[in-house]
């Protein structure tokens, strides 16, 4: 079976740099796949991507080395299982706020007796190999998004969920849910302390800590802290920044290159 | 009728900065449309875009101020007219090498008696307004690509084509066709002289000179020379550069920001 | 931020005439958008429209003044939030029968602390403007469908749901659920009394009353009663009626124009 | 083999009422197919319909009795043959102006020795039956559009083309090409005389005369003259008229029903 | 109203042979529809099929005699009702493990007072006829998948669900859930006994027993036992087996025809 | 650059077994790609496949070892170049009947100075590698279909076309064009002699002879004669045969397995 590159990176003690796919076409996915990301996540929650398009994006990703993941729209077993059958090697689930929700999520990612995933690896068997069924439970990654006040209250219970591989922090929702003004790359001491606390809880249990960031600097900072999975912006945001920078420089809005290179 | 912004820019003596759409989805088009381009060209020749998708891209562009254009796959009246009916305010036609080809191209863009475009502005009437038919011949822009050795031989005859609005230079094909090694942003004196000669021929006749470039610097250079229409890279190339830059910097492949900002 | 035209109409004491989109393509949406509707609702429940197509319809609608809404297939947060992120300025939710369901629905439409909507206005920011996040909670309209016997039992409790903007009456389901034979434009005194009772409950709380009707006459009647949001038929039904009328008249099945103008 | 309903109508001396499909989805096609049209034409020239969508429209039409036709974007054998293989029982070809063009068009619709159509009835065999190959040449209808000044000059030579089944008049292009202001339902004596002359030329040779009209009255008029194939408006135009009429009447813009029933 | 062929077969005491559609395009569905299956099920759970594509598959199936069904991704009313409105004459629901789940499933398939299906037979009325609403509750088939250990525990209670038409056994999930190694065509005595027990429970109540099998022999075996609904493999599996067999025989990997005909 | 597996097979003196893709979705392509074909051809002529879908099929094929080819709808440079840019390593061109047509076809496949292909390897560079441009002319395969009486008359002149890699025989068109009744796997001595003559002409010039066949036996026969490229049936035909065989055997229409294995 084709190995999960993320698991290999993590076993080697490394941090994975994840790309975020919101442009809904396989060609955009191929462009991203050629740039060196360790994994690529099809964002079906806030990205304008439905199932029929997500499928073609996963097909386009299959010839790259980047591990394919999906963020599902909601903690709903139907779409989680569909994305796994479509070829994802991991699922990021939004808005996991209670241990029950965490169990429901993780169970959807695991075949019995570890979970309640239904058997039918229709497309993923072509991607992974014919022995997918034997190894799926050890290969598929389940990351719960910690991004609500309720999740913070239930943090330890969520992290104790058997089979959970780690958490993915959504800073915008988390800050909003806790009443802070920051949306990305939080610097408020309370929020920084909270991220550290989450990471500490993960580390203690051997879980992965992941986070969505909006700048290279913040990415490096959390990696230095020991986070093992970091996403920077998204394909659409990267495109916007690069395009705006090019237009502004041609039009003379921006005079010097170094000054306005954008957030990435 | 909604005016053609490009014609307004040109009447004011300005140069238009054009974006190039090869990512085949309307959401990618919307991302580009928000970055300040004066016009956006759906590339149906080398971009992986067929008609059914190009249509949805034009629909997504209609709420922006950027003038929508298309580069068609070939000098073929069926697709030229379909793209005009779909809402394009201009057509870039590849590989125009003879005055007959130029006439065939321009004629497809003009209603009788100026051309042989068939009447049926099905979607464009929603974009342009109900008086589209009266103004279409004066609104639609026809740019012939000059990119073959044969086109250079026939340059004056092509530029004399009635109704032609200007030329669009494809440096890669032109250099290859003439036997030079350069592909983008040509600096070889022969090629630079050739670009100047094309521009001089256009200027003398009141035609627009356009060109595809791969860097901000080259874009500024040709604008300084008087070119009035310049495209830099494409959405896919901008995305690739921005993504690679972000990954490399996070992974420490690139240490300093200024050094490897990519081609744009 | 682009204002919500429906809220403006309602603040001026007017009634909005809403179009219903079941033809699953952006071009059909553009045809409808040019006919003077105040708002247009993509019907994802009974209309044959899935997410990937709904997205392109919303893109096609963005250049019109009609406010874009969606009726979601079910009271499920994943699709409600996806449609808001895709550009809808309001959601019509079917089959809201209890105050808990109403809260679950309204909460999905509101960012914290008013609700539990997740943050990521990926496409809607292009439609609304970059200040969308600040104004979203006051802009997005949440209309609960009242169409079951249970909803009638719980009417006051549903209408008391904080953040609910109004109700949308589905006469077919409501009549069926209560055991009446009428499907559209109910005239049975019990049903008329029920509509009045719903409207009275809304008016008392400053909520909007909306309804789906099948004729111009019924539309005018409910507007005269004070309903502020009325949908007549759907694009598919209007097309069917117009086409049948044309065919019948050409074939001589219908002799006089006035007699068989169809239900609208 | 499933018979061609149009040929049956014509053999019985009748006139066929044809619907025009420009809304690019099979569901819109199904709505139209249920309204009594004798045939339905997928308009790939001025309708915003590409091949991949046209295919699904033909599939949706296959359960109806209406004969499926296509108007191709241009007189190009690739798309003509693709549409026949996809299930069309007839092709309307735009802008046929010379006998050579007519032969090129008709030849693309006929298997050798009558033409040069390539063999591969992949989908049409499911629609037509397994004996399609034997009967295709006698079943497929080839209608050349007469809509240019040049076509009028060459009228007799075009009509003499072996295998041609008839002509389809495009009044808008024809009037424009000849310098008249009228676009639809021409009433200028010169144009009326021209239509009569075309029809006379067809009748003499046993060919069908078809035309695109914009009103029921004009349709009846040409049928009374002996035209055997008439299209009124299009799905999009019918939808627009019905929707505008409904909105205007609800809003009180139009007071009385009979007055503003629109063009159909 | 168009009758449900499956109900007719069952009333005559016959067994229906069902095809399984996982290739996500209407043309693949048409190929399958021409091969003699009594019904065809669009598999939206393990098949890579989302709603927008499933719709076009159902349209393509409408001209065949095979009854269209869908297996939905999960027991969720939104998608169940959407598929019924899209034209399905029956729903197979995965992972029904409790009587509450069975009621929730069956209720979504039935209009009040028998269930809570919402009224809006938008497309299915074209397929079924204009009297669909009157007959829908008696026409639509609801089959619950029995495939978990919990379902076995609750077997009698599930089978007692009013309105349930029968069960569909998923052998792979069932074996996995009970801890057996077999995935298809179970031969272990415990599993065979379990299938017999399920069938006995169905027969006693006049319910249909259906099952997914992987070979013609197993299909015949269960039909001999009295099962009335059997699916063999899927379109993708049949294609794979036929293609591999052809390649292997051409390449000489397989010498004799009879030996390696694959599982079907 | 990723090598062209077909060229490797041919250099080793082998024959390639080619699969034929007419089912218009990438998942069907993936199913086929896993069965051992040396190459897979997207059939855009008689297969119901347009560009936008063909693109996604090529993306799905990129993770397999099978060389991707396309048969284009017609000898038209626009679509030939689009398919090469989309990732095809070879083009099969229908209906090549004269040396001029052959030159036009081959020229579209080759960059200057060998041809007139336009430069812009947008997607193929991801598939092939960044050095695609240097090797493209030596990698891309150009196969002309010999399938008309005129082509037989011009056989030697066609085969002398510089840059042509070989021919692909379409037996159905060829037999039809010459007036024979056979459609597939021709056994008439005249046709067999003609195939031999074509093959002899190819062999003498070092060109490849390819052919479309309908049975394993015929495939083996032509390979024994020295043909180096053979296609058997298509995905749709293989699926149909396998499905019909399964249904018939379950229903008892076919009693014994060996008897009715279908044409493959």
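Per-chain numbering from 1; labels A, B, C, D, E and F assigned in written order.
One rule holds for everything that comes next: a residue touches a chain if its C-beta (ideal position, glycine included) is under 8 Å from a C-beta of that chain, and two chains touch if they have at least 3 such contacts.
This is a predicted model, so every value here is computed, not measured.
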Each chain counted as touching subunit B and subunit C at once: A, D
Required minimum of steps from subunit C to subunit F, each step between chains that touch: 2
Remotest chain, subunit A as reference, centres from CA atoms: D
Centre distance in Å when subunit D and subunit E are each reduced to the mean of their C-alpha atoms: 41
Centre-of-Cα separation between subunit D and subunit C, whole angstrom: 37
Per-residue multi-chain contacts in subunit A, two or more chains: 22, 24, 27, 31, 34, 48, 50-52, 55, 76, 79, 123, 236
Every chain pair meeting the contact rule: A-B, A-C, A-E, A-F, B-C, B-D, B-F, C-D, C-E, D-E, D-F, E-F
Contacting residues of subunit E [partner subunit C, same complex]: 50-52, 55, 76-79, 81-82, 85-86, 111-113, 116, 118-123, 133
Of all residues in subunit C, those that touch subunit B in their complex: 26-27, 30-31, 33-34, 55-56, 59-60, 62-63, 123, 126-127
Parts of subunit C lying in touch with subunit E, wherever the complex brings them together: 22, 24, 45-53, 72-74, 76, 79, 94-95, 147-149, 170, 172-173, 176-177, 179, 183, 236
Subunit F residues touching subunit E - in the complex, by the definition given at the top: 17, 19, 22-25, 27-28, 31-32, 34-37, 48, 216, 219-220, 223, 230, 232-233, 235-236, 238-251, 257-258, 261-262, 264
